[in-house]
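Which chain is which? They are A, B, C and D, in the order written, and residues in each are numbered from 1.
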Amino acid sequence: MDIFDRLKAAAAADWTSYVEHDFVRQMGDGSLPEAAFRTYLVQDYLFLIQFARAYALATYKSRTLADMRAAKAGLATILDVEMELHVRLCERWGLSAAQLEATPEHRATVAYTRFVLDCGVSGDLLDLHVALAPCVVGYAEIADRLARVLGPALANHPYRDWIGEYAGGPYQKVAHDARHHLDALASRAMTEARFSELAALFGQAARLEADFWQMGLEGAQARR
Amino acid sequence: MDIFDRLKAAAAADWTSYVEHDFVRQMGDGSLPEAAFRTYLVQDYLFLIQFARAYALATYKSRTLADMRAAKAGLATILDVEMELHVRLCERWGLSAAQLEATPEHRATVAYTRFVLDCGVSGDLLDLHVALAPCVVGYAEIADRLARVLGPALANHPYRDWIGEYAGGPYQKVAHDARHHLDALASRAMTEARFSELAALFGQAARLEADFWQMGLEGAQARR
Amino acid sequence: MDIFDRLKAAAAADWTSYVEHDFVRQMGDGSLPEAAFRTYLVQDYLFLIQFARAYALATYKSRTLADMRAAKAGLATILDVEMELHVRLCERWGLSAAQLEATPEHRATVAYTRFVLDCGVSGDLLDLHVALAPCVVGYAEIADRLARVLGPALANHPYRDWIGEYAGGPYQKVAHDARHHLDALASRAMTEARFSELAALFGQAARLEADFWQMGLEGAQARR
Amino acid sequence: MDIFDRLKAAAAADWTSYVEHDFVRQMGDGSLPEAAFRTYLVQDYLFLIQFARAYALATYKSRTLADMRAAKAGLATILDVEMELHVRLCERWGLSAAQLEATPEHRATVAYTRFVLDCGVSGDLLDLHVALAPCVVGYAEIADRLARVLGPALANHPYRDWIGEYAGGPYQKVAHDARHHLDALASRAMTEARFSELAALFGQAARLEADFWQMGLEGAQARR
C-alpha cells in the first residue's frame, strides 16, 4: 500500500464524493449537458494556470537539481501540453485562449487552487504534492475507469477527447510518475505523526474537487 | 476620494452584493435564523485564524520597523480581541474554543481566506491590504449602518453583540486606521496601471465575502 | 540526547568555530575592542529586524492556534524586549534607534538572516527553527559559559550588559523553551532521512554566525 | 534613460565596485590566477541553482500566462544552457556536475542569492527583477566591454570561453530582453516613492556581486 492508497483509505468518503460524482457518471454515460462540460472546461483552464504556479512553487522549493528539473517538467506539461487540449476543445465553441484567460474565476476554482498553493507555501513539498494528488492522480483514475467501461464505444462518445486524453498513455505515465514521486517524498519526510494532517489535507482537496464538478452541473442548470 | 472609495466605485456591483446581502438585511431586522448566524460565526472563527496568518504575512513582508509593529498590532487584535468575541458568543451555545478550531472549514471559508493569502504572497503589501479591506473596513461599514438604523432598539436586538462590537468605537478605529494605512500604501506603490488589477482583486474579495454570508443562510436551511 | 545536541554533534567543527570564536574569547576576558563590539551590536540590531521577520514567518506558517501564539510571543520578545537592550546600549554611544535602522546591512548580516528566512520559506517550520537555533540557543550557551567563568567579576566587566542579558533567567528560559519546541517539532516531523539535511542547515547557520563575530573583529581593525 | 540606467546612476559607486572589480580587470588582461577563476566558477554553479529558484519564484508570482511563460523561459535558460557552460568548463579540471552540486556554498554565494530570493518573496516582481538585474544585465555589460577591448586577441585568451559566452549574441539578447522587461515592470508598478528603495536594493545587489568577485580572488590566495 503506497502513500496514495493510504491517503485514499483515510479519506474514503471524500474520495468517493469526488471520483463518483454525478458529473463523472453523466460524463461516462454521455448524458452530461454540454453546457456543464463547457462551464467545467473553461474554469479548468483557469485552474491549470494556478496549477502551473503550484509546479513553479515546487521548483522554487526544491533543494536538489533533480527535484528542480522534475518540477520544471511538470510545469512544462501543464503550460505546453494540457492547456493546449483545453484551447483546442474550446476553439470548437468559438472561445479563444485570450477569452478563456479573461473569464472570472468561479469560487470553486479559487477555493481549490488557492488551498493547494497555500498548503505548498505554508508547508513543505510533501504537503504541496499531497494537495495536488487528487487532481493529478485522480483524473488518471477517473478517465481510465470510464475508458475501460466504454471500450470501443469511446470512439463515438461525446466526451472522447477528454476521456482519451486522460486515459491515454502519456497522461497515465504522468500520473504514475507523480504517484511514485509522492511515495518517494513520503519515504523521506513523512512521520506517522504527520499522517493524519496529510490525510486531512488530502480529504479537503478531494472535497474541493467534488465542488469543482458540482460547479459544472450548476453552471448547466443556470443556463437552462 | 481615497483609494478605498475608488475601489468600491470600481467594483460597485460586487460591493453591493456583499454589504447589502440578505444575511445582512436579516441580521438587521432580526429575522436571521440563529442557525444561520451560528453557521456563520463558527466559520468566521476559522476565518480569523487565517486572517491572523495574513497579518503575520504582512509583518514578514514589512521593510521598516514601523510597518512591522503596525502589522503585529493587527495580528494581536485578531488573536487576542476579535477571536475572544467569537469564543464568548459560541460558549452560549456550548461550543468550546477547541471545538471551534476542530470544525472543518467550509469551502466559502477556504475560498476567501486562501485568496487573500495568495494575493499577499504573490503580490506586495498593497495587494494584500486591498484583498483584506472588504473584510476589515466592510464590517465596520455594515455594522455602523445597522446600528444607526436601529438606534436605541439595538439594546434588545438578538444580534446586539455582533453589531455592537463592530459598530463600537474600538473596532471603528481599527477600520479607520486600516483605511488610512491602505491609502498610505497606495500613495507609495500604486500606479494607475495597477489600479484595474487592484480593483479586480477587491471585487473578487467582495464576491467571496458575499459567498461567505450565503454559506450562513444555506447552513440554516440545511438544518431545517 | 535531544535534537539540538544531535545537531551540535553532527556539526561539531562548525559549532566550535562559532561558540569559541575569538570574538567570544575576547569578550569573555574583556580584551575585545569597543569598536568591535559596537560594529557587532549595530549589525545585530539589523539582524534582529530580520529575525523578527522569521518569527512572523513562523506565525504565518503555523497550522494551530497554539503554534501561532507561540511564534507571536517570539516575535514580541524580539521587537519589544531584545531590541530595547540594543537601543539602550547604543544610546550610550549617541546612536539613536533611527540611526541604527538606517545603517547599511553588512554582507555577514545579509548572509545569515536571508539564509534563515530562505530555509523557512522553502522548507517547513522544522527547517526554520533548525536554522534559528544556533542564534537563539547558542547565545544562551555562550553567555551562560562566560558568566560562570567570570562569577562575581561580571559586575565590573566591560560587557556585563550583554553577558548579563543573555545569561539572565528570562533569556535562558526563552532559549530553553526554544530548544524544547525544536525537539517537539522534530518528534513530529523529523525522519532519519531528513537528519543529514537538517544538520547541514545547522552547520551552515553556525558558520554564518562565526562570520558574524568575524565581521565585528574586522570592523574594529578597519577603524584603527 | 531607462530604469536600469537610472538605477546604475543612483548606485554609481556600488556599480563601479562591481563591474570594475580587480577580478574583472585581471580576467580582462589574462592575469587572473586559474585558482581564482575556478573558485569563482564552482560557486557560480551553486549561484545558478539559486538563480533558477528565483526564476521559478517569478513564474509562481506571475499573474498572466505571458509573464509565466517568460519567467519559465528564464528558468530553462539557466538550467539547460548556462549551467551547461559551467559543467563543460569544470570538466576540464576533472570536476563532475555531482561534485559541483555537493560543494559547500561560500558565504558570498549565500549572501547574494538569498538576498535576491528574499527581495522576491517579500516584495513584488519588480523588486525581484531589480535584485536580479546586476547579475543578468551586468554580466552582459562586463563581457561585452572585455570582448571589445580584446578584439581578435579574444581567440587565444585564457578566459575566452567565459567572455565569449556572455559577450555572444544569445546571452546579449537575454540581457537585452531582461532589461526591456525590467523597464516594462517599472512602467507598470514603479512610483517615484518606490525609486529610492529600489535603488537601495540594486546597490546592495551590486555590492554583493563585488563580494562574489572578491571571494574568487581570496580563494586563489588561500590556495597559494
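Methods note: contacts are C-beta pairs under 8 Å (C-beta built on N, C-alpha and C of every residue); 3 or more make two chains touch, one makes a residue touch a chain.
Since this is a predicted model, take the numbers as computed values, not measurements.
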**Q.** Rotational angle, Cα trace of subunit A fitted to subunit C, multiple of 5°
**A.** 180
Q.
For subunit B versus subunit D, which are copies of one sequence, does the interface use mostly the same residue numbers on each side, meaning over half shared, or is it different?
A. same
**Q.** Most remote chain, CA-based centroid, reference being subunit A
**A.** C
Q. Roughly how far is subunit B from subunit D, going centre to centre by Cα mean, in whole Å?
A. 44
Q. Any idea how many Å lie between the Cα centroids of subunit A and subunit D?
A. 37
Q. If you average the CA atoms of subunit A and of subunit B, how many Å lie between those two points?
A. 31
Q) Which residues of subunit D are in contact with two or more other chains? A) 53, 60, 121-122
Q | subunit C residues touching subunit B - in the complex, by the definition given at the top | A | 49, 52-53, 56-57, 59-60, 62, 64-65, 68-69, 71-72, 75-76, 79, 97, 101
Q. Along subunit C, where are the residues that touch subunit D in the complex?
A. 53, 104-105, 107-108, 110-111, 114-115, 117-118, 121-122, 204, 207-208, 211
Q.
Considering only the defined contacts, which subunit D positions touch subunit B in the complex?
A. 60-61, 63, 121-124, 127, 187-191, 193-194, 197
